[in-house]
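Just passing along the structure, written as structure tokens.
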């Protein structure tokens, strides 16, 4: 039996639709969370069966969405491996599913799932249990996934904005909390400003190349790969951008010799575009000197959202940054490497030094995450295979160890106790030995002490710096482990070595326990037996 | 069509004015307006290049930028209202619970 | 020649409006000047033969977004805002940096304008005989090449809608 | 049994860890059960290390009991264990002192006993791991892993300024080890990779490859490793963490710190730093000069500072600086005598200083003070204690017939072969050592009882005998009949000297007729 409508959908899902299926599923689940919740509200109240099924329905549905999407992603990964070209393009090559996308998408989904697990109890305590919250979590994840899979400037920008807008709202979700209001206001102002800067950079790139597809852009920007790309393009039909068509139809050799020297030295406009894009993305990843929003937003946002912002938004922005830098700006790496190195060292320095004096744990972790950005950027300075593996591994480790650290703070949040100040941690060991032990493991991992995931991430970065003959940067980077350990151990000292005050015993919900379990498993497993994780990270940048 | 430089200078001027507005103004609503100016500058660039190359992508991009500007304005103003309800101020300097 | 006159007319209004937007004390005045600036930009779009964007700019930006702004300005307490000093403390530093940046980028543009092909690494401009773009072509490409961004934009607007509702609704 | 024989190092390494895991499951309230389990695994850890002595082949020049398994193939890190004579002695010292340290804590620790024993056992695994790893990656992991339990031992069970001392210890050691990490990575990267092989962290392979590095690179690598080891030893300008950590740590912690942890630095010097010395004579001489001068400053300065201490633990801590100065002096003399003496002196220091800390612990448990002025005339109420303390003091200061003498004498002999001045300064250190140790003994033990409370102090109990007597026996054994100990060092030392100072043997050959060559070799022959 053949119904035209169904056939059309099936055809879509086997063609272009297949490439964005994980995102579509997430969106559908997000819509479901938004729409289904309301009519059930009243019937749930009185019936125990409905209560069991629909208690925390939003969270359960959202979690199911991430699992579904993750499963689809897994199958997609198989399809990528089987494909002839090693990647699956869709929508006139405005998205691709290559090895880069599944790695990052998995991280986003994992982060989203962790945040959902951590949110349930937190929102109960805040009395803000609402479907919109979970829907926004899922939509943010959709945006992030497009940031990783998009190879078209428009797709990337829209993905980024979808994520950013969700985060602005989530940050201010506790509307009666003045700190939450303030954080979201600061976030939206600086975030929108940085998006504007980024968009300006994008417009210049478009102007330089006459196309929004970054593979075509990089063909224009990088003359050496231009020829190969031109030949490849000429074999396809329906190439986007009349300019490219014009190039390829008759005169691509002419296109290639047009101002090759200009291209080689990164023309002024390209330099301007690069600087603007870099600044915009530095804002998003919170690299010094564009980091001012981070501590405020981290402190003011509800802690699960803080986790999400620090873990997922940073990873997604790095995915975007890597995609652009590895294609469009690849040839001019020697030119901009100094800029990146400067920003990296500044981030390391300022992040580590400012963290030393913080008394609020969330703020402290905000500064420490700025320092982590410094390490990841150093990977871009090194720019070799080890470095890329290192960046991917570092991000992976960062997601789980940071989520774990925040998760412990979330566990501390009880009725009547905020639990964000260092003093609130006092005697955590007596109150809840398990949380204290977990906190210790996450702190060791964040500091980069073996055998934890954090150490392996740093290992790759340091090795790549040595391989590419940057000994001074390497020494800088390793020595910053020492102050980092000092401030991470301030947290440990409060949790382990200080006498407990009046504070109650924190009670861990089962959802929180699951989240913590996953986070600690990855933080330890990726340090004790890093082999599978190393392969995973290696795979992210192509076989 | 005029040389592309004309349009680039115009857009640069708007961009810089917008950036100055974001940095110097304390009234958050005006800051949000300055951001609209920046996005407007982006659009001028995109449309001018689109005309230069006879390529439609620039105009489409500009369309999405406008959509994004609308979305940002809606969310931003919503947040300002929520903030105002709690604090009765729209001045950036009075956001002082968190260290600025 | 006429092109030039039109361009300078509109860009003069656009820049002037922009300057007044960021310098007026009264937020309502700022909003009005922003509308002026955006309208002038719409004129420039028209000159660039982007008729569709011209209309969108007027309807959506000027008609929609700006009304939103004015509403919010009315909602929040303006009197307080007017009486306060309007510039942040770091304004001079910021101004100097911004102007330096402007000078630098301007210089870059200036020097690239002198280069062959105006410093653009792509090919020469579109041939003069090519038909200017029209709304039809924009629409076609919106639903063909740029179908995916269109779909993502719908998610984006949904997020914005939820966000505005969540933020603005009163606590029950 | 077969499994045990083939995997003896793994068993030795993980027995304490197994104990720690087991302890996790004992409920928090059952303090006696924690003590028993801790001690059982301490003794067990020692017992399983004993077969090493018997099965070790003295004539085999390479690494014994080797085990190798894939760990992280993509980066070439392996689980590779093995020991030679040098590490054998240090492993045995570790298991012995670990057992004694655990036993000594029976009545000293009253809070959080469960965690205490878990941490001690974890520390034990970390320390053994450092001595048995033949893979740089594994080595580094153990090197750092060990810091965390030590941090907590000082931080939780230490005395008043424990937080400060703990973090100071951690940060100092970490600062050195991260630089070492870079050096390891550089070594890993610059070592040539044969076609068809992946890179490797294998210690023998990398050190062999390092022989062919250019001299400037070797110098960089040498200093990279040097900081980690110098901080750990600790050598003179890097020693400031040591008095704090030793003083604030609980007795068992001090015993382990002084007895084993410091040896990691000297072990690192012997195993990793010496092969990295540049071949160019001038460069090498400059490096050795710097290191030896730092050692001599350490010897004399440590001893002088000891004379001014009011706190017994602090005094003993500074004496470690002085004694370890001898060890580094011996190593960098690059003569067979110097090296063999240095390793033996490391063992001796573990025995004597470990025992000294136990002795202070005995007093501290009775009086809860470590100030010298709070004691005096203790020989009257505690005669047996006085006797043991005297023996240990004499052993530490290098009295003939006791272990310290053999070590120091061999080192000085080795140094003398290179430079008379070095030996002279070393001798000054010996003299000063006698001064501060005997003066301390006099102030604490002799004369009338100065404080009424001290008159009724009980003498040693059975458990305290059990901790001290083995050390006393060992002190006599090494002092009277050191040959079996030197026998373990003979081959590895010869191998190292042949590698790093080939001209030494040539010169000896030239000087002596073949018949007498035998006699000129270290006293082990």
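We call the chains A, B, C and D, going by the order they appear; numbering starts again at 1 in every chain.
Simple rule for what comes next: a residue touches a chain if its C-beta (ideal position, glycine included) is under 8 Å from a C-beta of that chain, and two chains touch if they have at least 3 such contacts.
Fair warning: this is a prediction, and the values are worked out from it, not measured in the lab.
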Q) Which chain lies at the heart of the structure, taking centres as C-alpha averages? A) A
Q.
Can you compute the centre-to-centre distance for subunit A and subunit C, using the mean CA position of each chain? Integer Å is fine.
A. 29
Q | Chain centre separation in whole Å, for subunit D relative to subunit B (CA means) | A | 66
**Q.** subunit A and subunit B: spacing of chain centres that average the CA atoms, whole Å
**A.** 25
Q: Report, in whole Å, the distance between the mean C-alpha point of subunit C and the mean C-alpha point of subunit D.
A: 71
Q: Could you check subunit C for residues that touch two or more other chains and list them?
A: 105, 109, 120, 122, 145-146, 149, 153, 156, 159-160, 163, 165-167
Q) Mind pulling the subunit A residues that touch 2 or more other chains? A) 154, 158, 161, 165, 168-169, 172, 175-176, 207, 210, 240, 243
Q. Which subunit B residues touch at least two other chains?
A. 4, 8, 18-19, 32, 48, 52-57, 60, 64, 68, 71-72, 75, 78-80, 82, 92
Q: Give every touching pair of chains, nothing left out.
A: A-B, A-C, A-D, B-C
Q: State the interface residues of subunit B toward subunit A in the complex, per the touch definition above.
A: 4, 8, 11, 15, 18-19, 22, 28, 31-32, 35, 38-39, 41-42, 45-46, 48-49, 52-58, 60-61, 64-65, 68, 71-72, 75-76, 78-80, 82-83, 85-87, 92, 95, 97-100
(Q) Show me the residue ranges of subunit D that touch subunit A in the complex, using the header's touch definition. (A) 71-75, 140-141, 144-145, 147-148, 151-152, 155-156, 163, 167, 170-171, 174-175, 178-179, 181-182, 185-186, 188-189, 220
Q. Where on subunit B does subunit C make contact in their complex?
A. 1-10, 12-14, 16-21, 23-27, 29-30, 32-34, 36-37, 40, 43-44, 47-48, 50-57, 59-60, 62-64, 66-75, 77-82, 84, 88-93
**Q.** Residues of subunit A that touch subunit C when the two form their complex
**A.** 16, 20, 27, 34, 90-92, 94-95, 130, 132, 135-136, 139-140, 142-143, 146, 152, 154-155, 158-159, 161-162, 165-166, 168-169, 172-173, 175-176, 207-210, 220-221, 240, 243, 246-247, 255, 258-259, 262-263, 267-272
Q: State the interface residues of subunit A toward subunit D in the complex, per the touch definition above.
A: 440, 444, 449-451, 455, 459, 462-463, 466-467, 471, 474-475, 478-479, 481-482, 485-486, 489, 493, 496-497, 529-531, 534-535, 538
